[in-house]
Structures are given as C-alpha cells and as structure tokens.
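Dropping the structures in below, format is structure tokens.
Heads up, the next two complexes both have subunit A, just with different partners, subunit B and then subunit C.
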Partner chain A sequence: MRAAFLAVNGAVIAFLLTPVAIVLFFAVNPEPFIAFPPTGVSFRWFEKFLTSRDFMAAFGLSLVLGAATVAIAGTLGTAAALAIARGGLPGRRTLTAIFLSPIVLPAILTGFALFQLAMVLGLGRTVWILLAGHCVIAVPYVLRTVLAVLAHSDPALEEAARGLGATPAVAFREVTLPLIRPGVIAGALFAFIVSFDQFPVSLFLVSPGNETLPIAMFNYLRFDSDGTIAAASTVSILLAVLLVLGIERTIGLQEYARL
Partner chain B sequence: MPTRRTLLAGTAGTLAFPAIVGAQAANTLRITGWGGRWGELSRQELVPAFEREFRCRVEVDTAFPFVPKLLASPRGRPVYDVLHTNSNEQWSVFDRGLVQRRPNLSLIPNAQAIYPYAMSDQVVGIVMFTSAIGIAYRRDRVNPPPVSWGDLWDARFAGQRGSYLIPANSLGQAMFMMAGRVFGSGYRDLDAAFAAMERLRPIRLFDFTGGMENALLAGELSIGVLHDTATYRHQERVPLEFCAPREGVIALEQALSVTEGTQMGELAHAWINYMLSERVQRLMAEELWFSPVRRDMVLAERFRGKLLTTPEQVATLIQMPWQWYNSVKDRVDERVNRIFRG
Partner chain C sequence: MAENGGVTLEGVTKTFPGGTRAVDAVSLAIAEGEFFSLLGPSGCGKTTTLRMIAGFEAPDAGRIRVRGADITALPPEKRNMGMVFQNYALFPHRTVAENVAFGLRMRNVPKADIAARVRQALAMVRLEGLEDRRPAQLSGGQQQRVALARAIVVNPTVLLCDEPLGALDKKLRQAMQFELKELHRRLGLTLVYVTHDQEEALTMSDRIAVMRAGRIAQLGTPREIYDRPTSRFVADFIGDTNILDGEPREGGLAMPGGWVSPVASLPPGVRAIALRPEQVRLTAAGGGIVDATVEEANFLGDSMLLKLGLPAGVALLARVPRDADPALTTPGSRAGVSWRPEDPVPLADA
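Take a look at the complex of A and B:
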C-alpha cells in the first residue's frame, strides 16, 4: 500500500516537473535548435539571453511591472477584502463576484476590452495602461486570499482594540494587519507571478519598444528557434524559486501554508 | 491626506493626459513589423536612418496580433499608419475598409523601379520583399529530391513531412490552394484540396515557420513546406536544401499599406518609398535572404540563382487569390480541423 502511494506521488511529481526538466535540457544544449537528447552542455544561450538588449529590457520591465502590481493590487485587493468582510456593506456577494470577475472572464477578452477602452479614450498604449491591465487581473487573487484569512479571524479582537481606545488606523496596524498578513503575502506572491507571466492582457496592451518578457519570448519564438527561449524560461523559473525561498527566509512559508 | 490643491492638480493631469499623449504622437509614425533578426536590423539600421532623414519618430509594433488591434482602434484614429503584413491579412483588413487599396504612387518615386507583381491585382498596398514558398528537405535523407508539389504526398515521406495548421498559418493556406491545382482543376478547387489533405496524413503540423525550421534542423522531419528565406539562412549549418517545384513557387509577399484615416499620410508614404529604396532592398536581401522587388538589383554572387531578382526568376512566382480564400476561410478551417483531428 505504501509502495503504491509512493509510486502515485512520484508519478504526479514527475508529471509536474518533467516540463521544467525539458526546458533545462534545452537551455544547456549547445545546438542552435531545440533537440533531444542534448549533444553537450553549454551556457551560450544564457549568455545570449543575458546580453540581449531586447530581452534584458523586457525582463526589467516585467520585474518593475510585477513589483508595481504587487503594491497596487495588494493595496486595492486588501482594502476591498476588508470592506467586504468587515464593512457591513449591502450586496457583499455581488461585490465579491464583481471583484472576482476578471479571473472568470478569459484574460484575452479583458486585454482586448482594455485596449479598446484606451483607444476610444485616446490614451494610447502606455506602460501605465499596461500596469492597469495587470492590476485588474491581479486584484482578485489578493482579494481571495485576504478574504480567506479574514473568514477565519475573530472580528472581536479588532472591536476590543477599538474599545480600548485605539483609533481605526492603529487598530488596523496593530491588530488587523498582523492577523491578515499570511493572506496579504500569499496574495502579493500570486499578484507578482500573475503579472510576471501575464501574456493575454499584455498581448494587446504592450506599447512598441516596451514589451514584457512573455511577449518578447513569443515574438522571438515566431522567427527564431534556438535555445535562447529555454534560457529565458530557466531564468524565470529560477526567479520564482528565489522568490519563494526569499519569503521563506524572511517571513516563513508556514504562515500562509495554513491558508 | 491629499489636499484640495493636490486633488485638483491630479484631476487636471488626468484630464490632460490624452492631450499630452496626442502631442507626443504628433510626429510619430506608427508601423507594424516582424521580430527576430528582421526586428534587430530594423531597429539598428532602418529606423534610425529614416528618423534622421525625416526628423520624426518611428514606433514599430512587433507584438502580434496586428489586425485585431487595428480593428479595435477608432476609424479616424487608427493605431497604425502603415500596416506591414502578408497578403492574406492585407486583403482581410482591406475588405473591412481599414487600409487603402493602393498608396498614392505619386508620393512613392521608387515604385517606378519595382516589378509589376509587387502591385498586381492580387495585392493590397505594395509588396516590398518576397519569399518563395516551396519545399525544404534534408539532403542527407531525401534522395531523389522532390521536383514537384505533388512529391510532398509521396508515401516515402509518410510521418516524415511537415506543414502548418491551415486555420492559423498562411503558408499552410497557400499549400492548401496549391493542392487544389496539383490534384484538381485549380487553386479554388476545394473538393480536390480537401481530398488531398486527407491523403497528406500522417503529417506534423506547426503554428509558425520557426517550428518547422527547428524540426528540419533537428532532423525530426525530412521534408516540409517552407520558404527560401528560412531555408537559405540555415544552409551553412545543416544539409538543408530548397526545392522550387516545377509548378512554380508561391509568393509570400511582405506588403505595406497605408491605413484609412491616418493623420501621417505623408510620412507613411515616405516610409514605403524608403523601404523600396535600393539601399534597404539590398540590405534586407543580403542580410536576411528576402527577394527584393526592384528590377535593378544586382546582388552579390552567393545570392544569385537563389533569390528572385531576374525577370525569368520572378516569372516563377505564383500569387494566390487571397481575397477569395478569405471568403471561404471559415468553411476551409472547419473541414481541415476535422480532417487533421481525425
């Protein structure tokens, strides 16, 4: 029984990690095309990726957008969750559904709609419009995780703080925020990943010369088929791993593993 | 807390944003373009020289898809001034009234020097470069080599041949029409083409030419539909050869059109004229293996006999009836999806 359990788990892990392994194989294969098995080990595609002005600009923009999305979507999503869970607002279910609607709609439609809106308003395609698009997609993830934490926290603690004379700001900072921190961190993590990997929304909203990494990779793939894409993917995977390890070291994953 | 003054300033800034964007766009030419090596050459060589000469800014959008973006932009304020696509998409946007059928030739002096096919009835706008779609094959695996489009159907290539997802790729669509001619009464013989697609299985289908190139380079396939530009680019690295079938090669036109409603008409025409100039035509031919459309081009020795520059070579180019194809595209897509799925 135990052996079967281990076999099933092993198969699931292999299923999840095989694509990552294949990307790593391609990234270190010296051949100028994607081939299996690899004929050797080389870091030439990493060098090409890291010295490419286009890829580095796209990588930098994706990082900046990800960070800005965390800040904006994190704030908006947390505020909305608090208002919905603690604000005693009428139509809470409807409000929740409205806030979550961007992840229910196909993201390509959201991107297309935002593009049309920007065109009709004469705003053009700027990095601000792109950031707005990323935030629209990321807010529901923050909202969802913060709502989950709020559902399990006792509002009496905040009421007690207020009753003992704390202002709303102090009660939020000293009581509410520590309580919802795991949800905010988890939501921020999701927001970053959703922004960094965002393709359908970016497809319509990126402005010429300001492509994000997924768009730059897609454009490259249409015309060139060497290992640079695999190297770019490997760097993205490493970034995600570093992000998770960084959070584990500084805050600890145990806190939001309870979610 | 924000003060009343900061709120007012913020509101004013927000309201003025479209005007600021508009002012920035006043001397900006917005065009579409390819990525990859084309994009690099464009950014390093073509665009800076044009910007210097015309004291303007050129904004090149290399992020697909271009047509939906153009469709979604207001008619009087198109998102692009010049649209660069292949002919199938040019016809698609022309039929929706989004681009001009032909630019004003009096503003394009270089149009005097180009082959007639670059402005034929089968083309919207003006063709600036052409690739020849034919059959690419591995010299080390295919003997005797193919000579006809019909050879793609040879039983010895079952499972070793490749083409494209017809609903998504214009090379696949061109090959589909060619099948109508080879096995039926002409390019518009749908029944013959459908029957030919049935017989083409087993086959590997790709979204982009990049996928086909990779499969041929890696030796996963022996033969496939590809253009000469991609084939010649890789010839020094692998034993890859290009076959111009005896029925003729299919023109993969890189066409430029001026959008309806553009406020940058003069610059748009200047850009098209620039792309037809001798310097740009030579640069793109010798760096990227695109056949120029100018009649007066004499390229370096290594390009002769490969790129289509002489009247005899140009006469082998077949221009497909894309406007007709677009009108039956939904029907074709539905049927070929069933054929290749089943």
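Take a look at the complex of A and C:
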C-alpha cells in the first residue's frame, strides 16, 4: 500500500519535472539543434540569449509588465475582494462570477476581444493595452486568494478596531491589511507569473518592437531551433524559483500558503 | 433616571434588507453605573440593539443618547465605548499587550502611559505575565479577560458585552460572572449586557429588558421579572414555570377537571396564571387544593423536581426539598398540592 503510494507520487513528480529537466538539458548542450546524446556542456546559448538585444528588450518589457501588473491587479483584486466580502453589496455572487470570468474564458478570447476593442477605439497596439490585458487576466487570481483569506478572518475584528477608536482607514491599515497580507502576497505572486508567462493575450496585443519574452521566444522558434530558447526558458525558471525563494525567505510563503 | 448620564434609546427601529424588523421602536433608559441586560431568545433583536448603541448598525428611526448627548449619527470610533464581542475578536497578529494597548494608541496616549495602563488593566483581569503571548496561545477564559481588559483600559463611558461568556464552559462561566460583576462594581461603569441565558441575566443585572420579536416584552429588576412576569412569554422564558389555563371564578380560576385555583387578585378577563415549581407544596392526598399523581421524580442534588398529573391530564412541575416525605414523592403515589393565593401570577396576554 505504502509502496504503491510512493510509486504513484514518484511518477507524478517525474511527470511534472521531466520538461524542466529536458529544457535544462538542451540549454547546456552545445549542439545547434536538438540532439541526443549531448556532445558536451557549454553556456553558449545563455551567452547568446543574454547578449541578444531583441531578447533583452523583451525580457525587460516582461519584467516591467509583470511588476506593473502586480501593482495594478494586486490593488484592484484586493479592493474588489474587500468590497465583495465586506461591502454588503447586492448580487455578490454575480459580481464574483464576473470578476473571475477571465479565468474561465479561454485567454485567446480575452486577447482577441481586447485587440478588437483597441482597434475600435483607435488606440492601436500600445504597451498600455498590453498591460490592461495582463491585468484583466491577473485580477481573478488576486481576487481568489484575497477572498480566501477574508473568508477566514472575522469581520468583528474590524468592528473591534473601530470601537476602540480607529477610523475606517486606520482599521484597514492596522487590522485588515495585516490579516489579508498572505492572500495579497500569494495573489501578487500569481499575478506576476501569469503576466510574465502570458502568451495568448500578448499574442494579439504586442506590436513589433514591443514584444514580451514569450512572444519573442515564439517568434525566434519559428525560424531557429537552437538552444537559445532553452536558455531563455532556464532563465525564466530560475527567476520564478528565486522569486518564490525570496518571498519564502523574507515573508515566509509556507505560513501564508495556508489559505 | 437617564438625565444623570446613562444611555437612552428613543423609539429606536432597525429593519434589515429583506424586510425583517429586527428592532421595533424600542425605548429605554439605562442609568449611569447600571448593569443592564438585554435578554431574549435568538432573533429577538437584543444584539442588533447593542450594535446600534455601539454604532455598528445605524437605526432607521429613533435617537440614541449618552449622557444626554445625541450620538445617533456618530461613527463607532467617536463614541468612546468599550465592547466585548462574543468570540472576543482579539487581533490575532498582535500580542496580548498590543491588543490591550490598541485603544490607547488610537487615542494618542503617550507611550510610557500606555505601558503603565496596559499593565494595570491586565492586573485588573489577573493576566499578569502573559503580555507577550498571542491570542491563539491563550485559553478561552484568558482570551475573554484580554478582551475585557482591552475594552476597559480606555475608560469607556459605556461597556457593551455581546454574550461574552457564551463560549465558556459552565464552571468558568460562573467564575467570570462573579468577576465581571465585581469589575462592574469597582469601576462604576454603565454596562449593557446581551445574553440569551436567563440565569446569567438574573444573577448579574440591576435591571433586565426581556426582548421578543424586536420589542421589549418586560423591563424590570431580576426579582420583578422572575416574581411578576406580565406575559406568558416572559413567564415561560424566565426559569421553570407552570402556566395554567382556566375560567375566571369568584376568588380564583376554575381549572379543567373541576377544581379552582385560588388567585389573590385576578384582573378581569385574565384566563391564565403562572406558578413557579418552588411555590407548589405537597400535602397528604385530600389535604390540598387538588390531588395529583406523581408521574416522575428527578433528583437535582439540592432538591427534587416532580412532574405531577392534575385532573384532565394537566401537568404540573413542583420543586420540593430533597428530604420530602417519600410517600408523597415516589412515582405512582398520590399527593395533595397547594399554593398560597398570592403566589400565582395572572398573565394578561394568555
């Protein structure tokens, strides 16, 4: 029984990690095509990726977009979650469903819709539309995680603060925010990853010269299939790991993951 | 009574969305320094009334005054009241000392004074030495004390308690009842206490407002409420009681089965009386007002509670001393029952 349990778990972990391993494998393989067995270990693809102006511009844009998405979607999602959980609004279920719909809807539809909207409004495909698209996709993640912590925190705590002399703003800063912080941080992390990793929405909204990393990688892959993409992926994976570790170190993700 | 500085409610009404009238034109005057209880079953409006005094709910109509000043429109943070919540509502991310200090910080009390006052408040609820614990590391009784210390440390004009002892076990609850009462006496606070536990209200309060369906069913001292309930609801809600329905006759109420209960003064039109089990006396069969059959006898420790069968299948509870004559208290035996004519309370709304 125990052996079967371990075997199943091992298989699941292997299944999840194999793609990562394959990416790493090809990133350090010096051959200019996907080949097996490897002929050695080299960092030439990393060098090519890190010195490519196109890739670096795309990488920079993705980082900035990710950070901006965290700020905007984090604020909007948190505010929406507070309004839904505590605002006493009519039709809260409907509101929640509307806010969460971008998760349910195929992202390609959201991208196409935003593209058409931008065209109809004559806005063109600017970075701002791209940012808006990323925020639309990211808000539901923040909303979900913040709603989850709010469901476990007692509304009487805010009343207790008010009764002790705190104005609504002070009660929020002193009591509500510290208590929902785990949800906000988890949501922000999701928001960053969703934005940094975003492909279908970006596909419709990027313009030449304003490409995000996934789009740049896709475009590169159409003509070349050397290890640069594997190196770019490895850098992305490293970034994600560092981000999670950083939050874990400073704030402690473990504790806050208990939603 | 209220002019000297208590809490006054004038026609306070609250209807929730969906149309339930939680509180219906409640008027009452709580004197300064009084221990005042709002008592009633769940849904009677007692908590909503308390929350309106605290400022967490706004009344649709009516005025609330404290020491004569109209506070109806004031937000909770400007009312200077202390509130003890049902589940304590301690800030989980703060230590005991920080919880207690919160209200003082909000009032911009200097740091050094805060430390001293927190220490003093924690000493008052006998929690010295736990300053640095988190609420989750405390027992229910200790959390209760922290909540109390946090509420009184700011010297509130009124202390509001929403079923503060509801989550404690019976022994602890009793101990806290004594402590709360002592604290009330020591601080001379006006205290508004919400409970559904009639025993708790009777033991602790100076006065009680029994509420039902958003209205005050009866307002009075514990003795008045217990001894002279004015309605079937109050008689039934407060303590064990017998309610006997009959037809008015000269000198009493004619009961089904052909006997008459003496009633000292029966207002015209009243067809029911309330009688406490401890007012029923047992005598030898044939020696009382009417004969009854002992159906069940429960030993309560300090006394016995008998379930008696009166003529026409009417049941009657009687509380008798534990050393009462076994010939009269053994199930199956026959006994005469009696009470003084002044004991039954006429119930007008029956």
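Annotations
Keep this in mind: the second predicted complex is superposed on the first by the 259 of 259 C-alpha atoms of A that agree within 3 Å, B and C clash if a C-alpha of one lies under 4 Å from a C-alpha of the other, contacts with A are read in each partner's own complex, and residues count from 1 in each chain.
The rule is short, and it goes like this: a residue touches a chain if its C-beta (ideal position, glycine included) is under 8 Å from a C-beta of that chain, and two chains touch if they have at least 3 such contacts.
Nothing here was measured: the structure is a model prediction, and the numbers come from that model.
With subunit A as the common reference, the superposed partners subunit B and subunit C fit together side by side. The partner that reaches more residues of subunit A, of the two candidates subunit B and subunit C, is B.
For the superposed model, the angle subtended at the Cα centre of subunit A by subunit B and subunit C works out to 150 degrees in steps of 10.
Look at A:40: by the touch rule set out above, it reaches neither subunit B nor subunit C.
By the touch criterion defined above, A:223 lies against subunit B but remains apart from subunit C after alignment on the C-alpha atoms of chain A.
Contacts of A:167 after superposition: subunit C is touched, whereas subunit B is not reached. When the two complexes are overlaid on their common chain A, residue A:122 makes contact with subunit B while staying clear of subunit C.
Contacts of A:106 after superposition: neither subunit B nor subunit C is touched.
Of the two partner chains, subunit C is the only one touched by A:154; subunit B is not. After superposing the two complexes on chain A, the closest approach between C-alpha atoms of subunit B and subunit C comes to 22 Å. Of all residues in subunit C, those touching subunit A in their complex are 54-56, 75-77, 79-83, 85-87, 89-93, 102-103, 106-107, 150, 154. Across the complex, subunit B meets subunit A through its residues 17-18, 21-22, 25, 30, 34-40, 59-65, 68-69, 72-74, 77, 79, 208-211, 213-214, 217-220, 237. By the touch rule above, subunit A contacts subunit C in their complex via residues 154, 156-157, 159-167, 170, 174-175, 178-179. Across the complex, subunit B is touched by residues 31-35, 54, 112, 115-116, 119-126, 203-204, 206-209, 211, 215, 218-225 of subunit A.
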